[in-house]
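Pasting the structures here.
Both complexes below contain subunit A, partnered by subunit B and then by subunit C.
Right after this comes the complex of A and B.
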């Protein structure tokens, strides 16, 4: 196992000097690797990256997001995806290629206020991110409890290969839909939902803690078993 | 992005279902306020100021008192003007620009409560009738929006006025000069605004932003020290039943009494 050096950084901090590959939120300035965000810097053998402690959601293609329909236009829906960009779901992605605003009524599918589990189809910063609901499990979310966490803590909530989120879902018998944008919808019995929401909030508050998995297991009243991988993995 | 708050359909159903059982999502009863905090003397250079936090709603009010020229139709009265502005940072959907109609309504409703309760004795704010009067400007900035801006703004304005010190002006030939003395404003009463909303036929006090997005109608009633209703405003397209209006009046008097006490405690000592 490669030694990883971790340290807390603020923007402008020189994390390390030398020939490294700048990863996320790191910029090379001369021979210095400089942090661009407040967070935890990780220096591995070849690369340097910063895991931000906070921040807004920046859409990426293939991300799963939970969006709230905020506007119905003539040709599609606009959804708030907890970002400075508004997600756009075109009518033809829902009605098919023969979609026509004259023959199809968009209001029959989604109305303002409806929640969608969607995938970011394309995004290049020149246009608003395009959403798609083609795929298993995607589409309107009919019911559940809405929880918002920092988008930067979503990888911790998901855990390595979904370990954490699957554990929460199994132990509370809830269906948990997690958007990379920090919007989560929990659906289950009232007691299960309450427990799952508490567990999600615990992850949000203790994302930096090493024994987070054990804490969540204790909260949910399950036997404490170690996560089958090193703690602190990004899960991405 | 939308110009106003959009509540999720799921949340809307939850609010309505909970209210049908007499509960609210934040655990309050239908006639309970959120936590109210009033801080005064928060702006050093203002004549008076107050910061009010009602739940997550946060409002800052400042009072500026200067000499001014009276309006032609009220030459024997000082000026009292309340203005409100919702800062773009107060909520994600807000944008910079001139106040929209809801901000104008907010300023007018709060102004009306202060004016119609005759809180400030404006007839004693005259330096020379028809020529020089005191002008009292209360400027309100909404720092964070989480519903019930009417009440939070009203409390901030009232608390700022109660702690304001006005300069004493005297006539000096055709002009006026500042004597350097500082006096409290001629306060007669303490108006308290109480806002209620009806959601699917249930009357709730102090609606949150989510509840405001679901409400059918809104009513704001101002009471003064003796418990008389002195101003009111009904908003949104829905309606109230006569029984609901009577309940609203009772609540505004009872809650008004409690909150008046809080405002007085927070502003005690000027």
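Right after this comes the complex of A and C.
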């Protein structure tokens, strides 16, 4: 295993000095690697990054998000994706390349208030994020309860290889759709939904706790089993 | 000139509130006090009680003011009507408008506004109880609120006022010294970058006094920075060691 050093940092802190590659939320100042956010800094062999503990959702291409349609324009839909930018879903992405506002009625597909599970197709500094619903499981979410959590806690809610979220879904028999923007839709029986929402809120409040999995299992009335080891826990 | 005025430093070098020339007033900082805000902080510094709340980055309204390449930083310093002995008219006064501007300019160098194009970041500084040095206390609290809101920052910003009382340069003026003293100098800086972001001066300082005041302000500011650090770490880590068992930032599909 690669040695990873973790450190609690606040903006302006020097994480480490030396020849490293500055990753997310890290700036190089001379030979110093400086944190730009409150969070946990990780120093690996070559790179340094900060895992922020607070902050709003900033769209990133390829992210899965849950959005709520807030406006239907002549050429597409605008969705609230829990960000400072409005997600835009163009008509072509739904009706195909021969989409024409004259022949297609956007209101037949999505109306204001509808929930979408979408992917961020493209986003840069100059334009609002573009959404797409092409892909398995993407599209309108017919029903469910929305829960909002901090977008920074979403990785913890999902867990290693989806362990935490699958566990919540299995134990409550609910269908849980997690957007990386911190919007979650829970669909199931009223009792199951209530339990799943409580579990999600517990993860949000206790994301830093070491025995979180056990706490969630206890909340959901399941036998407490340890989370699988970090083996194979790698990737970007 | 000053013979009829009351003395603000006695023969033992003790000031009106019992401090020596280089001592700060009692300081207490708490982060995350306003639930509805994206980031917030409360600072109690001497008799000052100030809440700073940050909202954003959010959509810019009115739209025509949005900036194509960076966020619009909006600051509002406001004194509550009950923050002073005689009721203060809640409408923004000349002084509050000026302080809003200098707070904005004191915070701006620390922020990566270019990371949030076309958005707005709002900073509200609400003075609940006022004492001397409320603008530097406001900047200190706002910097914490911005860090709490998760906005990319080069460094925190920390402030401390310095002044001239009875011909002597002293640290951290209280209200009486501010009003009856012969000069005051609010001073904010970024402690790690060692860069000044705000420096105002009221009254007359000789060049030597000015240099002495800046050094004193820096030393005082570093003490405030320690309190600021502790408050922020307490909010996020509560003194606990980093939890190495929690999964890393890897995003995993559900």
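By definition in this document, the second predicted complex is superposed on the first by the 229 of 236 C-alpha atoms of A that agree within 3 Å, B and C clash if a C-alpha of one lies under 4 Å from a C-alpha of the other, contacts with A are read in each partner's own complex, and residues count from 1 in each chain.
One rule holds in what follows: contacts are C-beta pairs under 8 Å (C-beta built on N, C-alpha and C of every residue); 3 or more make two chains touch, one makes a residue touch a chain.
Predicted, not measured: the structure shown is a model, and the values here were computed from it.
Undergrad: Record, for the superposition on subunit A, whether partners subunit B and subunit C clash or fit.
TA: Superposition result for subunit B and subunit C: clash.
Undergrad: Looking at A:14, would you say it contacts subunit B, subunit C, both, or neither? Reply first, second, both or neither.
TA: In the superposition, A:14 contacts subunit C only.
Undergrad: After lining up the shared chain so the two structures overlap, which partner does A:52 touch, if you call subunit B first and subunit C second: first, second, both or neither?
TA: The answer is second: A:52 touches subunit C but not subunit B.
Undergrad: Contacts for A:125 in the overlay, against subunit B (first) and subunit C (second): which applies, first, second, both or neither?
TA: second
Undergrad: Going by the contact rule set out at the top, does A:112 touch subunit B (first), subunit C (second), both, or neither?
TA: The answer is first: A:112 touches subunit B but not subunit C.
Undergrad: So, A:218: does it touch subunit B (first), subunit C (second), both, or neither?
TA: So A:218 meets neither subunit B nor subunit C here.
Undergrad: See if subunit A has more residues touched by subunit B or by subunit C, and give me that chain.
TA: C
Undergrad: Just to be sure I read the superposition right, which of the two partners does A:86 touch: subunit B = first, subunit C = second, or both, or neither?
TA: After superposing on A, A:86 lies in contact with both subunit B and subunit C.
Undergrad: For A:134 in the superposed arrangement: first (subunit B), second (subunit C), both or neither?
TA: neither
Undergrad: Counting only touches as set out at the top, which of subunit B and subunit C does A:28 meet: first, second, both, neither?
TA: neither
Undergrad: Considering only the stretches 45-53, 135-143, 207-215 or 243-251 of subunit B, report the one that runs into subunit C.
TA: So the stretch of subunit B colliding with subunit C after superposition is 45-53.
Undergrad: By the touch definition above, which subunit A residues appear in both interfaces, subunit B in one complex and subunit C in the other?
TA: 86
Undergrad: Over in the complex, which subunit A residues touch subunit B? Could you list them?
TA: 68-71, 78, 80, 86, 111-115, 141-146, 185
Undergrad: In their complex, what parts of subunit A are in touch with subunit C?
TA: Residue positions touching the partner: 4, 6-8, 10-14, 25, 27, 34, 36-40, 42, 49, 51-56, 63-64, 84-86, 125-126, 152, 154-156, 158-162, 165-166, 176-178, 180, 207-210, 212, 230, 233-236.
Undergrad: Could you pull out which subunit B residues touch subunit A in their complex?
TA: Contacts found on subunit B: 1-2, 6-14.
Undergrad: Touching residues of subunit C toward subunit A in the complex: what are they?
TA: Interface residues on the subunit C side: 38-39, 56-59, 68-69, 110, 112, 116-119, 147-156, 190-193, 229, 232-233, 236-237, 240, 242-254.
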